[in-house]
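Structures are listed in the sections that come next.
Each of the next two complexes has chain A plus one more chain, namely chain B in the first and chain C in the second.
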Partner chain A sequence: MRLVLLWTDIFVFVLLAVAIAFSVYASRKEHLRAPWGEIGKSSVAMSALVVLAFYLTVGILDSIHYHPKLDSGDQNSARYSTEIVSVFDWMLDSLRNKGEKTYSAPFATHLYSKELVVSGEARQQYVFSRLEHGGAHLQEQADKKLDILKTSTWAAAKAFASWILFTLVIVKFRCYRMRASWREGLRQVVCAGTRVRWRAVLLTLLVVMVIAWVSFDLSQKYHVLGTDKVGVSVLYQALKSIRTGLVIGTLTTLVMLPFAVLLGIMAGYFGGWIDDIIQYLYTTLSSIPAVLLIAAAILILQVYLDNHAAELSSAAERADLRLLFLCLILGVTSWTSLCRYLRGESLKLREVDYIQAAMALGTTHFLIILRHILPNVMHIVLITVILDFSGLVLAEAVLSYVQIGVDPTTHSWGNMINSARLEMAREPIVWWSLSAALVFMFTLVLAANLFSDAVRDAFDPRLRSGS
Partner chain B sequence: MTEAILSVDQLTAQLGAEDDPIRAVDGVSFEIQQGQTFALLGESGCGKSMSALAIMRLLPASGRIVRGTVRFAGKDLLRLSESGMREIRGAGISMIFQEPMTSLNPVLKIGQQIVESLRTHRSVRGKAARNEATALLDAVGIPSPQFAFERFPHQFSGGMRQRIAIAMALANAPRLLIADEPTTALDVTIQAQVLDLIRNLQSRHGMSVLLISHDLGVVHELADRVGVMYAGQIVENASRASFFKRPLHPYSEKLFQSLPDINKRNRSLTVIHGAVPSLKTTFEGCRFTQRCHRTLQLCSQKEPAWSGDADSRVYCHLYTVGGLQSNALAQQQESEVEDAPSNGVGVGDRLLRVRGLKIHFPLTSGVFKRITGYVRAVDGVDLEIPKGKTMALVGESGCGKTTAGKGILQLIKPSMGKIFFEGEDLVELGARSLRQKRSDFQIIFQDPYASMNPRMLVGDAIVEGLKNFDSAFKFPPKRDVIQSLLQQVGLPADSAQRYPHEFSGGQRQRIAIARAIAVRPKLIVCDEPTSALDLSVQAQILNLLKDLQRTTGISYLFITHDISVVAYLAHFVAVMYLGRIVEHGPVDQVLTRPKHPYTKALLSSVPALDADHRRQVTRLAGDVPSPASPPSGCFFHPRCNQVMPACREKYPQLFRIAKNHVTACHLYESQE
Partner chain C sequence: MTAYIVRRFFYAIPILIGVNLLTFILFFVISSPDDVARSQLGDRRVSTEAIESWKADHGYDKPLLYNPSAGGWGKFGDTIFFQKSLRLFVFDFGQSDSGRDIGYDIRQRMWPSLAIAVPTLLLGVLLNITFALVIAFFRATYIDFWSVVLCVVLLSISSLFYIIGGQFLLSKLLHLVPISGYDTGINAIKFLLLPVIIGVIAGVGSGTRWYRTIFLEETEKDYVRTARAKGLQESRVLFVHVLRNALIPILTGLVVILPQLFLGSLITESFFAIPGLGSYTIEGIQSQDFAIVRAMVFLGSLMYIGGLLLTDISYTLVDPRVSLK
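Our next item is the complex of A and B:
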C-alpha cells in the first residue's frame, strides 16, 4: 500500500499534535491542570468524553489514507489502485463491499421495492427479490429473529468480557499508582470514590462497546441500518460521515483562531486607531450574511476545480479540497464573535495592575501580549472553541442540505439528509437514512455540548467562585 | 441596667462542607444595651461580618448556624420561622453595607427603593409613603430631598449613596442597626460626615448599633463597647474608655502598637508576625499563640477562659494566672521596640523634578468622537523628590494622585509638563530610550491581588524586569538572584516555584516589592500599598519599605489617603485637591501646622485615638467636585469655611510660609 496525505489529513494530524503538545504543557502548569481535574469530577462530562473519544478514534482512523495494492501476478512491480481508501475502510471492508441494488430496510432480507424478474419459464414477474448479502445465510425466513438474537447476545457477551478485562487493567493501574490494595481500588471505583469519575467512564464505555460490538457482528450478516438508493450500507455512510463532521468542527476553528486571537488582543490592548480598524473589519464581516459568502466561495471553487480537472488525480482529492475550502470559508465567517470577546477582555486586562507593572518594568508590547495577556484569555479561547464545535457540525448539515456544503460524493450527515429528503414523500416511507444521520449527529453534538458545559464551568472564573 | 436589646450567646456558624468546615464564627457571645453602640473590631477574615449575617440569618447558601442563641427584644431569632424572620429584618434590625456602589439597585429611583421598604413592613402607600421617604432623605442630610426622590443611584456620589442606604435602613425605625464597615469605602472627610450622621440619628431615635470595623479610629469615634475578634472568637470585650486606655489581650495591645504614627518615626513598627490562621484548622489551646509575644506553656495546650469584671473582660491565660492587674505587659513592650537608626542620608540631590504636569482625558461624544471637554485629572503639578527621601502625595479619592503617579512613570502620557529624572526629561524621550530608563523608576500597586499575573510563577514574575534589562540574565534565570530578592523582602525560599494565589495579601505585596526592587530602581511610586491590608500586616510592609530605604537609599513617592502612614514614613508631604497641589512642605510642619483650609479639614477628619486629646474638628460639607468641571477661582472655595470674595474669582498663587513649606491659598496673600 502507498500512503496518501490529503490536505485535510495534514491538518487533522497537525491539530492532533497541537492537542497532545498542549496537554503535556498543561499537565505541568498548575493553573491549567486544576480546571481539567475539575472536569474529571463531573460524571456527565466524563461520559461525554468517552463518546467523543469513540468518535475521535473513528475520525482519526478514517484520516489515514492510502492506495491499496492490487493483486497482480507480478511480485516485483507492485501495482496500486487509483482508489484512495482509509484504514477505517479497510476495517469495515465487509460493509463497504456488500452493496445491494437499491433500498432495503434495516435487517431486511428482501429489497424494499418490487423488481421485474425473469423467471425460468420466460415469465416476467414483479417480486421483492432476495438481497445479495443481507441475511443471505438464512435458509428459512423464520430463523431471522432467532439468528439476530443469538448473534447479538454472543457479541454482547464478548463485549462484556473484554470490558471486564479492561476495567481490571484500569483498576490495577490505579492501585499501582495510588499504592492501594486491590480491594480498596475496586471499592473506590465502584462507589465513585475516585477523583476522576472512573465509574461513569467505565459504564459509558460498556454501553459504547456493547453497541459497537453488536452492530459490527450483525453487520457481517445483515444491513443493520439498511441500504440507500444505490444499495450502499447506511451504517457505513453514517460512520464515514463522522470524519467529515469532526474535520469541519475542528479545522474551522484552526483557521479562525489566529485571526480571532491576534486581532482581538491587538484591538483591546493597543486601542486607538488599531482598535478602530479591527472593529470596522469585524463589524463589516459579521454583517454580510454568512450563507451568501459561503455560497459564493463554494461556487468560485467549483469553477476552479472544473477548469483544473487535470491537476487533481482522483475524485477523493477533489472532494477533500472542497471540504478544506468549506472549512476555510466557515472559519472566515465565524471568527468575529471570539474576536469581540477577546477585545473586551484585553481592554479590561490592559488596565490591570500587573500589566501596568510589566510596562513599568520595560517589557515590550509583544512580550506583554505573549506572557501576560494570552495566558489570561486562554480560558475564553478554549470555551469558545469547544462551544463552537457543535454549532459547526450542525452548520455542515444545513449547508450540505442547501447544496453549498461538502462535495456530493463526500459522505456527510448533511448529504445523507439531503438525499433522504425526497424519499420522505414516498409510500412506504424510507426512514432509515435520515434517522441514522440524525442519531449519529445528535449523539456527537449532545456529547460535545455536555462536555463544553463542563469545560466552561471549570474554566470560567466567575462561575468557579460561585461553587 | 436595662435589659439588653440583643444578646448573642455561644453563636457558632460554619461554612462549606460538613466534614471540613470553615469555622467562621466560633462561640461568640455579647450583649447590646438599648441605645448603645457595640463594635466588633478585627482584621479581615476573623468572622466579624459572618457574625452579623448569622444574627440576621442571612448566611450564604453554604453556611449554617451550628449552635448558640440570638435573642432580640425577647425573641429567640434562631427559632423564628423564615416569615417571622422577614418581619424582623428591616423593621426590627436593619443593616448597612460597606460598598455604597452596589447596595442600591441601579435601575430604580432612590425614592422607589425607600418607599418599597416602607411598604413591605408598614403598608404605607401613595402620598404618605412619598412624604415619609422625603422626610427620611432630609433626615440623613440629602440636599433637596424632593428632587433627589426622582433620581437614580448613579447620580449620587459614594458618600451620598451611603446616606441613602442609611435612610433605607432607618425607614422602619429599627431598634438595632447593623453597620458593616459603613465608612471603609469612603474618604476621611466623607467618613467624618457619615459617622456624625449615625451618631446623631442614634441619639435622636435611641437606636442600638452593632458596628463592624477594622479601623480603631472609627471604633473610637462611635462605640460604647468594643469586642475584639480573632479567628472566629471574641478575645476581649471592654468599654471604650478602658479599651483605649489599656487594652488587655496581647492581640489588642499589638494592634495599637502597630499603628503608624509620627512619634514612631525613628523606629520600626511593632509587628504581629505571621497572618490570621485559616479558620479551617481545629485549634488546640489559644488561637493567638502562634503570633503571640507572651506565650505561657499553658497557651498551646488549653483554651483560655474569660476573666475580668463587667467593664472589661479578656479571653487570655495571662489574666487567669496573674489576675487583671498583672502589669508585666507594659515592661515587656518597651524592650521589644527595636530602635532603627534614624535616616542618616542628608538632603540629597534632586532625583525627580516635575514641572507643570498636566494630564487631561478627553471626553468624546458622537460617532466621530468629537472632543466635548476634558477631565482634568492632573492639572499642573509641581513636585521635587530628593534622593533617599520619601514624598507623600495625600488627597481624597478622585483628586488625581494615582494619575499623577502613573504620569510621572510615563504609564500615562502627560498632556503637558516636564518630568526631569536626574536632569533628563522623560516626556521627551523616545520609546526605546524610555524603555531603557525604566529600570530606574518602579511602581507598587494598591491591590495585591490584581498586581500579580495569576498565571505566572512568583519566581518568573520577580525576574521579569531583570530579563528585560540585563541581557546576561535572559536565560536561564539565576536562582541565587531570586533567592536573595526573596530573602530581602522576607519571603520563604521556596516561594519562587509557587503561584500568587497561594499567598496572602501581605505576602503578595512583598512579592510586588521584590519585583520592583529587582531592577534596582532609584525611585518607587507606592500607590496606596498598604490600604488593602490589615493593620498588623500594614506594619510589616511599612517596616520593609523603611528598611529598604535605609539600606539602598531609594526614594519613594508615597501616594496615600492615610495620614498616619504619612506621619510615620514620609519626609515631605504634598496635599492634592482636584488635580492640583494645595500645600506642600516637610512632614512635621504640614501635619502639625497646616496652613491651607483643606489640609486643616483633612487632618481634623481623621478619627483621633486618644480620648483626652480632642482636636478642633473642622467638618467639610459636600463632596469633591467633578474634575471635568472644576469650580471657578480656587477649586476648594465651595467647601471652604474661610472663603473670601477673592477665592471665587481667581486661583491663588503659591505662597511661601516657611522654608520649603508652600501653600496655594488667598488667606496668606497678605502675609507675602
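Our next item is the complex of A and C:
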C-alpha cells in the first residue's frame, strides 16, 4: 500500500483541519458557542446534521487514496498497482468487483436485455441470461423474495442492536456529565427534554444505520440499485459520487474565501480609489454569465490538457486536476456576492465608535482589520459558505450535463444523470440509475438546506433567506 | 434624470472594456490560436501546414495586438484583438468557427428563447406571489411552518429532475404534449407548454420562499400597524397595503433579469430541443466553437449591465422617495 495525495485530497484535509480548529476555537468562546447551542435546539437541524455527517464520513474515507499492493509472491520487492483506489473502495470491495455485462434491474437475477447464446450444437437463441453475481446463490427463482426479506430483517436487527448500544453509551455519558440518574437521563432523551435534541439525532441515526446496514448486507448478494450500461453497480457509483459533490460544494468556497474576504473588507474599510478598483473588478467579473465563464475556462483547460497530455501520469490525476480546476473557476464566479456583502458591512463598521477609537489611538490598519473588522464579519462569511454549498452541489449536475462539469470518468451524480438520460427512450425504461443519482443528490441538498437555514437563523436572524 | 442615465451609461463602458479584455486574454493569450487549431483538428501530430491553413481560414493568422507588416491604421486594425474582440462593440460578431454568420444566428434564435422565458417568468411570478401571500396570511402557524418546509424540499430538487420527470409524466405516460421539438408561428404553442409549465414548477420553491420573506419584512413596518389600528381587516391590510409596498422590491428585483431573458435557459432549451440562444450556446460549447462562446460572453455581460441600469431607473419610477442625483 503506497499512499497517494491527489490535489483535491490535500485541500479536503486542509479544509477538515480548518474546520476542526475552528470548532475547538469556537467551543472556548461564549459568544460563538451560543449560536451553535441555538442550532442544537432545532430538531430539524440536528437530523440534517446526522445525514450530513454520514455523507461527510463517506467523502473523507473516499479521499484517502493509495496504490494497492500487488501479490507478487516475492516478499522483498513490493510491487504496486498503477490503479489508484481509496479506503472507501477497499471497504466496498464486494461492490466494486462484481460487474455484470450490461443493464440489470435492482435485485434482478437476469440481465435486462436478451443476448445471443450458443447452446448445444450450433443452436442459437435469444435469452435473458443469468447474472454472474446478482442473486447467484439462489437455486430457485421463487426463493428470492424470502431471501431478500430474511437478509434485510437480519441486517436491520443487527443495525438496531448496535443502535441500542450506541444510545445507551450516549445516555450513560450524559448521566455522568449531568450527574443524573439512569432513569432521569433516559426520560430526558425520550421526552426531548435535553438542550441538544438528542432524540432527533438518535432517531435519524437509527434510520441511517438501518438503511446503510440493510443495503450493505443485501449488496453482498444482489445489485441493490441495479447495474448500468457497462454493468457497474449503480449503488457503488452513487456512493462514489458523494465525494465529488462534497468537494465541489466545499473547495469552491475555500478557494473564493481569501479573495472575497480580503477584497471586500479592503473596499469597505479604505474606500476611495481602492474601493473604486475593487468594485470595478467584481462588477466586471460578475457581469459575465457564470455558465459562460465556466464554459470558456473548461474549454481552455481542455485545450491545455490536449496539448500537455504527456505530463499527467494517470487518468485519475487528469480527472482530479479537472475537478480542482472546476472548483477554482466556480470560485471565481461566485466570490462577488460575498465580496459585495462584506464591503457593505465593513463600510458600516468603519464608522462604529470602537473602530474610530482604535484609529484615534493610532492602531495600524492591518491590526484594526484583523482584530476588529474580521471577527465582526465572520458570521456573514460562515452563513454564505453554508448557504452556497447546496447550490454548488446542484450546479455540478447541470454543468456535467452541459459537458463543462467534471471529467466524464469521474463518478458524479451529474455524469450519472447525463448517461442515464439517453436511456429514457428505452422500453421498458431504465429508471434506476437516474433515480439513484437524484435521490442521493436530493438527500444531501435537502439536509444542507435545512441545516443552513438553522445556521442562518442562529447567527443572523435579520439576514434574508433565499437570496 | 436624463443626465443620470447618460452618466450611468458611460459608467458601463469601462466594464464592457474589462469584459472584452478578459475574454481576449482567456481566448487568445492563455490558449494561443495554435493550441486551439491543434485541438480543433483533433490529432496531436498535426502538421504545421494544417494548423496554418486552419488559422488562415478562420482569420486567426494575424498578430495579437500589433501588426508591423501592415501600413497606417492597419498596424492596429489588422490584428486579432481588433478583428475579433473590438468589433463586438458594434455587434459585429463575425463568423463562427464552422463558418456561419453569428449575428444572423443570434437574431434568428432569440425569438424561441423569448417565447419560453417571458411566459415562464410572468406565470412564475404571479403564482409565487399568490402562494407567498397566502403563506404570509397564515404566518406563525403550522401552515406557515410546513409551507416553508415544503418550499425547501421543492428547491432541493435538481432542475434536471423537474425536466426529466415532467417529460416522462406529461409526454410519455399521458401523451398530452410532444416531448421536444419546435415549430414556427401558432403551432409552437404545443411545444412551449411543457417547458413553460416545468419552468414555473421548478421555480416555485425558491420563489415563494423569497417573496414570503419580503412580505413578512413588510408586515413589520409602521404603516401596517397604523392600518390595523384604524380597524382594517387583516386580509385588506395584507392584500392591499402590504402587497402594494412589497411590489417595490419585487419589481426592481425582476427588472435586473429582464434583459437576460432573451439569452434563454441552457438546460431547458437543450432538453426540449428548442432552437433558442441557450441551445445555441450549448452547441457552441460542445463543438468547442470559441467564436460563438466569445460572442455570447460579450452579449451576456451587455445584458447584465443593461439590467443594472434598468434597475436604477426603475427605482425612481416605482418609488418616488428615491431620487437620483
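Methods note: the second predicted complex is superposed on the first by the 460 of 467 C-alpha atoms of A that agree within 3 Å, B and C clash if a C-alpha of one lies under 4 Å from a C-alpha of the other, contacts with A are read in each partner's own complex, and residues count from 1 in each chain.
What we mean here is this: a contact is a pair of C-beta atoms (placed from the backbone, for glycine too) under 8 Å apart; a residue touches a chain by one contact, two chains touch by 3 or more.
Just so you know, these numbers come straight off a predicted model, no measurement behind them.
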In the overlay, answer first, second, both or neither for which of chain B and chain C A:His372 touches. first
Which partner does A:Tyr354 reach: the first (chain B), the second (chain C), both, or neither? first
Tell me which partner A:Gly362 touches in the superposition: chain B (first), chain C (second), both or neither. first
Contact-wise, after the overlay, does A:Val169 reach chain B, chain C, both or neither (first, second, both, neither)? neither
Figure out whether A:Leu149 sits in contact with chain B (first) or chain C (second), or with both, or with neither. neither
Would you check which partner chain A:His31 touches, where first means chain B only, second means chain C only, and both and neither mean what they say? first
For chain A, which side has the bigger count of touched residues, chain B or chain C? C
For A:Ile277, using the defined touch cut-off, is the partner it touches chain B, chain C, both, or neither? Pick first, second, both or neither. neither
So in the complex, the part of chain A that touches chain C is made up of which residues? 44, 280, 283-289, 291-293, 295-297, 299-300, 302-304, 306-307, 309, 390, 394, 397-398, 401-404, 417, 421, 424, 429, 434, 438, 441-442, 445-446, 449-450, 453, 464-467
Report the residues of chain B in contact with chain A in the complex, numbered from low to high. 406, 409, 411, 435-436, 438-439, 441-443, 445-447, 450-456, 461, 464-465, 468-469, 499, 512, 515-516, 519
Mind pulling up the chain A residues that touch chain B in the complex? 29-31, 352-354, 356-364, 367, 371-372, 375-376
Note which residues of chain C are touching chain A in the complex, please. 14-15, 18-19, 22-23, 26-27, 30-31, 35-36, 38-39, 44, 149, 152-153, 155-161, 164, 167-168, 172, 206, 209-210, 213, 217, 260, 263, 266-267, 270, 281-282, 285-286, 288, 290, 293-294, 296-297, 300-301, 304-305
